[in-house]
């Protein structure tokens, strides 16, 4: 993949004020490269391989159009949903994103404050650049300051080569008040990422061994190496389900058959994801498989991420069977461009667009967003 | 959406003469940005969201091609049609466009003079920047000067939060001699537009309350607010049908089922429209749904707008079942570039292209433009 | 349509030598704009409307691919075909092109010399810029000089408003030794072309009245005017068939039903054509309708033009049922860039490519180019 | 075809070190033009005609996506395959490429050393710019130096106009230790290539007559000339099968019917190829015909080339039925940019990507790469 990046100049600091031409998540994305080093921007933005999956995630939305209900009665509507006994202001959460201090010195502190201000749930990454306990602490303190409830906080788990380390992470998340575990199953095997700059690291894993790929010209690279030995297997999911009382969502599948098996093994929810096109290039777009996965999920909460950038995107996913949507890269774009206010603004823009789209569709509640509201659009 | 706009320089005034390289509506569109401020051009030109619907309106035309009748007898042909007992020189009207003084100081005065000179009907917007009575007066005076009939004038109505204000607008339109009411149902809920420059305003609504969206970070934005409460409902259409003797056309639907219900409620005509891609991004192109809506309209006059730019576009819409076509943005392009003569020229170009296309198709009358004259073209 | 043109500088004269980077007709087309005035280039190159048909003619070729015959025996092969009792060196002719002096001072003289040198038939236009008798004379003289036969010369006829003038053109063509009449039926109704420069005119029509469109703002433009009255009708074809003993080919249809009727009325051949996308924008590409027209033509010689630029294009048309192919605009490109040698070179390139393609397909003769040699290619 | 080439400046020498931004074969391809003369780059890179087949080879990969197996057990996996009794480290070979000294002074010496270092087989071209015996000698010497086995070396054969010369090439290959003959059948008839620079020539053919096309304006060009007489026929394959004990693979077909006939005649393997889009423009992409050819090949080893640039490309070909993949142009790109280390790096990158893709798919062995692992992706 070739990206336009800010190769030469110093990255700009986050703006002190949000300029009036930032009116959509796409606007943030356009402004973002100037606020990153070239290497960090590539890390945030690139897809794997040739970017087929990355682009498919976006282009899939254009295949669906809307069948509005004319002159509908919109009185009494709203966007709230319930998940695991908690009310969410809208079918929208902040998905797990590694190393948010790459975008802004405040990193996850800024993001969780924005989430708190906007009553929006956040899934904290195993690879957060602020310790998971501190993130939860910031949320609680800021909620108190604002006089509102702490938003739902979930912890995203990468299984570690040794189970004791995985268990340690789970216990810490439980102790810090996280309300669910999101187990990611699709990223154990991927190329090493960027070299992290001074001051940014996987602080939650301090002291744990990091598995490395052993690439030797002419020799085995992945298969047949310790890396392949350590890749998570179905038995690891069974083990984890025994190891914690928190609800477990399994993240990183695109096939109904896998969702079914996950559901049968007692998972509490499914996160349909191709990892934003960052792992295996050629996975189908998430939008194209929601219906299949939703049918196989047997009623479990189904969340989805990958390419969501505007309110109509969310409507399409919900109409196809998802219960909520996660955004990933847009957090980093908004955080780099305008810090905590940028992230809050981005969430607000999405929710504004969502409400407008629902109203224009004649759908006052999330439950009105059914498959009949969609049509296939011809390819342009 | 990202548009090329005239960000820095002063907008050019309208040209005193029409240069020879303005030979199509597309030429006017290419020249237009230099005659607008950046903000006004965005207001005129942008679609909502990512512009899916805006682009679909145009690209849909390329899906249809022609089956001409070779060596046909063209004698005695013509383009005239009848609507509501009035003869129209061609199946073409000027659709409702807000704030035409954004394009030219003469605004609606210039446009209605062009319409009068070319015997072309005009639908005046609730949001006209010249009072509706003055527009009608200008038409009558100019028609007298030219020794011809006043062209058909219709009034486009946005329902106001209070029925008394809607009724006041209808009564004023009746009194000013407007011959039909075009009730727009698809734009009650949309983001606030641009800040209008000095001297341009919704003069017809002077003194009436303007509903505003209440956007509060973290709170409800549309649904559950007074804005949603005030959105028009089916009962409002019933009320309006009782309130006036003028024929009512209902504008802003894309589904046959809505057209059927509108027809059943006694509307006199249908205006198939997705609001030029300005409201809900993801609505289907108008061309793709004409056949469905035409079948459901039970013979009512069916007008359509959205992306019409040349004579063959009109032929395609008519062959699919529309009775006439409205143009919107091209009025603003031609008005800004060359004032009243520009608008007259644009209408003339369209009609020239329409007659040429009909002749080349071997179709001397509008009635010859049937579905058999079209073929599907492969996507390029 | 927007074209890149040579707006400011003087057109270059034809090159004295053919540079080595001219290796295809596409290369000539890329070099050509610099050798025309902007207005002449637009006249040569533009399609009508938005250029849908112009582009479709080209893009249609990409929909067909090849099924070669491996390790075929190529001995004894060749490209010759017979038409109306004459042998053509290849299934390729120079189609009728108006005003060739726009491209080069020698105009049709240069083109017919190239045709003669390459044993390639030429269809001379009613709108030639050199008198039809002189063109035939140049061909005969140059053939004598080269010691070969005069190539097949046909005359393309536009019916004139009065039959006596049409008849006069036919009689002159007969007297000058033209071997067939190609009656064009699809261009009677089209917008007036460019203003011809000094020294370029429709010399064959000197003294005859030129029909003009009567475009009056607000009035009728084509339909209901004398122009529409004079458009050719089926009865004119019947009249012409009686008026000459020369074989008549009818040019300018894209539908099988028209080809069938033309065949039933005694025409000797069909020229499938959408006038190179210059008349009604939206006609299907010629490649997409060859099979339909070939089936309806009842075995009559079927020629086709529109977008042919390389040898594989010709193979595709023949495999779909055409008997020969005409090129139009490439004559003007090559003529402007390199005069008579350029046109000869362009013909030679096409024939080289045709022979290579046939050999690579394992098809030693034109008769081997059947439908089974083609496959559908997926759209890219 | 129009290519961006390095028209003016001197080609850069190969880099002494591989810079860190060379992370994929596409990166090498982007850097390569600066390391070639314009003419050599065109020779390497261009497709025939308009490049339909060249582009189709690449774009076909985007039509297939993946169905991964979640949480699969990857232990004990690997990429090794067997062909003709020899183990290959991965399903990947270096295909025959003419004149490698166009890319680098060391030419085939450098390439075969890279192949040896990476345990990768190489098919040496009849048109190699280093004698076939020297290439084999270099491989043996370098293998000894590295303490490993010589990689599989095969010889690609173009039949010569006289059988004695073809036989001489085969005998030399046998004597030099080549383990198979790859008979190319699709390139006998193609335009003469570039003028070779000083010091680069078809050294294996020194002293043998070179067939030339006889192109005479107006005359026959291929068909009916000695060139067509000398094109290979089925009887030549039969003759060759008698003439050598080495296994014969037949290269250059895209149809199952040809593969079947080749198999019936006793060939030992099939190389599905459209010659990288360099011969007949319009041949289908190789990916689109693998399944057809695989079914017809009756279990013979099936290799394929044409457009392979990354690990997921290889996975797709194998899942559709190929046994191994050849790369062509990427050798030249890497060789020009960074010499022998560049070629070794390119092979290593491909194998890294292949292993990652297999692991991410949940497929620990090549045998797991079956058709069920693929899905159709919608066109973007």
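Every chain is named by a letter (A, B, C and D) in the order it is written, and numbering of its residues begins at 1.
Everything that follows uses one rule, which is that contacts are C-beta pairs under 8 Å (C-beta built on N, C-alpha and C of every residue); 3 or more make two chains touch, one makes a residue touch a chain.
In this text, all values refer to a predicted model and were calculated from it rather than measured experimentally.
Graph distance from chain B to chain D, where chains that touch are one step apart, equals 2. Listed by label, the chains that touch chain C and also chain D number zero.
Looking at which positions face the partner, chain A and chain B present mostly different ones, since fewer than half of the interface numbers are shared.
One finds 59 Å separating the Cα centroids of chain A and chain C.
Look at where the CA atoms of chain B average out and do the same for chain C: the two points lie 42 Å apart. Under the contact definition stated at the top, the residues of chain C that touch 2 or more other chains are 379. Taken as a contact graph, with one node per protein chain and an edge wherever two chains touch, the assembly forms a single closed ring in which every chain touches exactly two others. Contact residues on chain A toward chain D in their complex (touch as defined above): 2, 49-50, 52-53, 55-56, 59-60, 63, 185-186, 189-191, 215, 217-218, 220-224, 228-229, 231-234, 236-237, 252-255, 258, 261-262, 279-284, 288, 379. Across the complex, chain D is touched by residues 26, 30, 62, 64-68, 70-79, 89, 117-119, 310-312, 316, 344, 348, 351-353, 355-361, 364-365, 375, 377-380 of chain C.
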